[in-house]
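One chain, subunit A, links the two complexes that follow: it is found with subunit B in the first and with subunit C in the second.
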Partner chain A sequence: MNFTSFLTKAFPSNLISMMKDGCILVTHQDKERVTLRNLSLRTKEHMWWVGFIAPAFLIYTVIFLGPVISSFYYSMTNWNGFTKTMDFIGFSNYAHMFTDPTFMKAMRNTFVFAGLIVIFQNGLAIPLALALDSKIKTKSLLKVVFFAPAILSPLVVGYTWLYIYEPEGMLNMLLRAIGLGGWEQTWLGDPKFALYAIVVMVLWQYVGYSMIIFLANLQTIPGDLYEAADIDGAGGYRKFRYITFPLLAPSMTINVVLASIGSLKAFDIIYVTTKGGPFQATETITTLLFTTAFKKDNFGYGTSMGVIMFLIIFLISVVQILLLRRREVGES
Partner chain B sequence: MRRRGLGLLAMTMMLVLVLSACGGKNNETTEASAPASGTAPASQSTEPSASPAEVVELKVTGYKSGTELGAIPELNEKFMKENPGIKVKYEGMPGGQFKEFIKTRFAAGDASDVILMHPGLSDVISYGKAGYLLDLAGESWISNFSEASLKATSLEGKTYAIPNDMNVMGVYYNKEIFEKLNLATPKNWDEFVAAAEAIKQSGVLPIAIGNNDGWMTLAALYTVAPSLVYGSTPDFDTKLNEGTATFAGAWDDTVNKWFSLNDKGYLTEKSTGVNLDQAQKAFATGKAAMYIDGSWSLAGIKKTNPDLKLGMFAMPSNAAGQDVVASAAVGTTFAINKDTKVADAAKKYLEFWSQADNQKVWAKSQQGFMTINGETGDIDEAFKEIADVVASGHSYPFLDQGWRYGGAATTEMMTSAQGVYLKVITPAVMLENMDKAWADAARIK
Partner chain C sequence: MRAKSSGLYVVEAVTIAVAIVFFIPFYFILSMTFKTPEEMAGFPLSLPSSLHFGNYVETWELMRFTQVLGNTLLITALTVLVLIVIGSLASYPLARKTGSVYYLVYIYFIAGIMVPFQLAMVPLYKFVNTLHLVNTYHGAVLIYTAINLPFAIFLFTGFLKSTPKELEEAAWIDGCSKIRAYWVAVFPIIKPATATVAVLTSLSTWNDFIIPMLFLQGEARRTITIQLYMFVGEHVTNWSLLFPGMVLSVVPLLIAYLFLQKYIIKGIAAGSVKG
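Showing the complex of A and B:
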């Protein structure tokens, strides 16, 4: 996939032509040093969109690009976050990171967390979408019910689940009520369960979100494919395996990529429930980054973790898009 | 042509809208308005000289908001009445995020004129050292404060803030349970352990604690350490800051004693899954006999159970025959931003806060002890016992106030404490981890 084809996919064609005109406009200005007044009428007509992009681009540069680029610089300093001076220390933050057992543990936790979420979020969303694509009477209501958690703030979800997971909370009460009192746990206070307990919270919140995307995709699959399969005598499994699943590829790409990015950078839901504890059992790169930069006053080191995380997410997303796109059929 | 003009106008307006939205503050802003009694318009009409142009706005930011605001609005109004030329605008936010918030504000050169800050070497003093705060040592009203309290805001002859109130940390106890079991206030470690054992035998949890973030163990160790560490090595902090002392070696007795309470079953079980609110509730409702926290939580306990008969004693970690040492420290401090454009107004504001009458109102609203020389203030009945210990001179500040890398050490202390409760590491390893975190923090300097 080269850049132009990416652009064609990403933007409608009329926008592309406008952007190309813009390039011509710039080259004109460079070569012939024409003034605005002398520009051809055609070019002049397209001038307006520069005005539309400029404010957004300015804001984007000031509040996004600028800080991102300065982060690369801060990651090579020993800044503590508030002094007016700092030393440039090259790559030693990065070198330290890979001998830091806490960082390694956080890295492992991050991948376990993200892996579980990507697998189960999609694994649960597909059957749900299939179920809601059938002729259930309460279909519309169920769609809303399953999607509702996705619109909540992770903080709300976190505080709600704290009540469910606490030692005298709903989950333990339920276990006791059905005679499984022996299974009671301090779910978020036990390093054996804490990370998985948070995974369950995230799944509860976002399975409905993935489901809606799959559902939209399911509705684009032509019915005659299934009719043909029926005539060929294919059963339910074969129809799913050879028609539904392959044709869900586009939404699979979106869901896998979104779930990966979302879970790799998850912070609020972890911070509000366990703050990375107990004893680093749920410490991910994001929580460690926050603790290092803001609690331990090591802003430079924290920033370098942020840069590493940026690279990890970037690489994973690119690889996923390239691999999953190949599965998609019917693409030009 | 006309269309383009309109488009330009629309764009400009959009830009302005977006920018102003960015500039908006999402913190709670309590604008102290003029008293509703009508005195303000009257004074304005009698003093035509107080034209709007002469009124300076003094921005004050602090980590007290909502129910914690205490007497801040009341004192601000009083101040404005005394100083009609100054309009105080107080911006308060919850304490949890304040440290991060004010750090970014300072770094961005956007901090308020007067800032409520935490005391100590790794907080207000470090900002002072970094050149963000005005040195107040030369002001006449500084001498109103006790020397002990000024230590929390001063370094090398410079004073960066005024210390407003003192807090104590100690052991809250349920007086009814103690009376029922015929237990007197323990005066040394053996008596303390004996009391805990007796309470356990009676079927009540001796000490409620929640360690979902480890903070309550930090608080507990702050109360245990003064007798054990600073009794024998009074200059431990100095040595630690110089790098000639480590936690391992000096703190072993402290952590071993504390965690032995857990081994004997005196603490809340599986406390890493319990939070502070739950522990406090267990104490307030009589399910636990003791609870270790600061004086600031008295209001919360009383709110849960107004009928609870409770008191607080200083943690008796000392051996028999030695003195009990209380953990007491300055709670809030007011500092002036060095870059403020209204330094005179800011100084007037701090002078106002340095007067005994005003401090008395403030200390009472915070359930705190007073920092003004020769003033005791109104202390709640529950704090009588520990106040006597403080008054006798046997008190020590909260420990991290004297630590250069307090943030790093306390963060590690809280994390590693969880590891000890979970039996993943030993108390000795916890101290090693703290030394490691300290060395890491020192490495970047």
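Showing the complex of A and C:
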């Protein structure tokens, strides 16, 4: 007992330092070996992940994002799409655009078109979603009917409505049959009506799509909230105003953003029905971009319109997401 | 109680009325295909006197519909397949790894959602021309895959983040390679996301018009939309051929929709609520 205590008292520092040295030496070597092995394991693992990402990365970069980035360059040239040479002309295309009455008209039409679609698509989809969320018997059948146009191509929708809107088409015949012959119009042929006529086509196609998204959201609202409101004596309107509408915020964000992007990018349905006419009444940035680049062989000017369109879509979606998300957080 | 249920009847009646208005264009086109020229000039909502399929047979041949349908099916199926394989593979490390490089790569992919195709269109046209990919199946599949990747990666990554890692870790310990572990332990559990991507991509690829118009105008490679567009251009006044042409172009999708409507509607709702 005394001896051991003596030993520990006599040689503590030596012993400890020896042990420490040995240990440090060992762990140091170990550590080196482990880190080396770790390193090779980790690089090996990373190589796997790089291999996982590479195909998507390559296809996306070469086929999509590469051309997008080169667009920014072409938009500063006067390239016609055929010749080997082109001149770098800086921002002249952009400067020209804002003094070009054709482009300004297209921009105005694009905003009117998109604005009307965002308002009415959601304005019509919410009541339909509420109706299909209630206890009506035919709701599964009705859901199929309302959503059906959304699976069609804009091309088929365009042609169908082309014949409905014909001077001797279905709409005018129906108006005549119910004694409103005086309302007859050459719907798509009249600059006063053409843009609104196309808005109606788009609404017919996509109201059901927005409705499905609202409906999915409605089904997540817990029923006890309405029961509590019943107990408090709230009527249908107050229940909608204070429970349903605020809790629809997430689907509202999605629907507003989707409808905005979709309508700003709309091309097929306009191109196959009016090609932007009559007298540019339905000319939007996309149709003008297409005719400028591919029909008038002005690639440089066409791409600069594409860049402006991208900036518009980008700004609008970011602002909408920020504003609408705040509403989601604030109220729900 | 009584007032409540009668209110429900009013809601139902109004909704059915709206649904009928929605359905009229479908009925109009379909009834037109069976009408004789004299009947076509008559009241638009009248029923055709007989069901004669002569218009359809003629249109089928003139549109070379067998070939066109085959092209569309092939391009859509290959796009969905390639997109699901490379999209989910890329999303897997992007969802699991926390390094900033992975996050940057994720942002790089997602940025594509905001970019309208029209911005890539002009240089892509030139590029695809130099690579001689115009009027080829693989050219079209590559383009569709590229433009659908951002959204697919967004959906897959979002879904993968909510799945547990234990399964794949168990597979690693058992000595599976990363790719094998992915195939046996990860790919099967992301089925809902895969279904959503498949539904949304099939619909948009099948119905797309602008890419066939730019890259698939050659007779042998046309898809349904571009063939219909050309067909309408050629027979611009011949309604007895145009209406069957439109119905034929819609029928394959409509059949798929009626059989799969539950999954399609669910897929769209899931895809957007996740978004």
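Heads up, the rule we're going with is that the second predicted complex is superposed on the first by the 281 of 332 C-alpha atoms of A that agree within 3 Å, B and C clash if a C-alpha of one lies under 4 Å from a C-alpha of the other, contacts with A are read in each partner's own complex, and residues count from 1 in each chain.
The rule we apply is simple: a contact is a pair of C-beta atoms (placed from the backbone, for glycine too) under 8 Å apart; a residue touches a chain by one contact, two chains touch by 3 or more.
Treat the numbers as computed from the prediction; the structure is a model and nothing was measured.
Within the superposed three-chain model, A:Ile126 lies out of touch with both subunit B and subunit C [touch as defined at top]. In the superposition on chain A, contact is made by A:Pro250 with subunit C only, not with subunit B. When the two complexes are overlaid on their common chain A, residue A:Met309 makes contact with subunit C while staying clear of subunit B. Of the two partner chains, subunit C is the only one touched by A:Leu65; subunit B is not.
In the superposition on chain A, contact of A:Val145 is made with subunit C only, not with subunit B. Once the two complexes are overlaid on the shared chain, A:Pro55 sits against subunit B and subunit C alike.
Judged by the touch definition given at the top, the superposed model places A:Gly81 against both subunit B and subunit C.
When the two complexes are superposed, the chain touching more residues of subunit A, out of subunit B and subunit C, is C. Of the two partner chains placed by the overlay, neither subunit B nor subunit C lies in contact with A:Ile198. Across the superposed pair, subunit B and subunit C both touch subunit A at residues 48, 51-52, 55, 59, 63, 81, 294. Contact residues on subunit A toward subunit C in their complex (touch as defined above): 45, 48-49, 51-53, 55-57, 59-60, 62-68, 70-71, 74, 81, 128, 131-132, 134-138, 142-149, 151-156, 159-161, 163-164, 169-170, 173-174, 177, 204, 208-209, 212-213, 215-217, 250-251, 254, 258, 264-265, 267-268, 272, 286, 289-290, 293-294, 299, 302-303, 306-307, 309-310, 313-314, 317. On subunit B, the positions that touch subunit A within their shared complex are 4, 7-8, 11, 14-15, 18-19, 22, 99-100, 103, 106-107, 122, 126-127, 130-132, 211-214, 270-275, 278, 405, 407-408, 411-412, 415-416, 418-419, 421-422, 424-425, 437, 440-441, 444-445. Looking at the complex, you find that subunit A touches subunit B at residues 48, 51-52, 55, 59, 63, 78, 80-84, 162, 165-167, 186-191, 274-280, 291, 294-298, 300-301. Against subunit A, in their complex, subunit C makes its touches with residues 8, 11-12, 14-16, 18-19, 22-26, 28-29, 32, 43-45, 86-87, 89-90, 92-94, 97, 102, 105, 108-109, 111-112, 114-127, 142-143, 145-147, 149-150, 153, 177-179, 182, 203, 206-210, 214, 224-225, 228-229, 232, 239, 242, 246, 249-250, 253-254, 257-258, 261, 264-265, 268-270, 272-273, 275.
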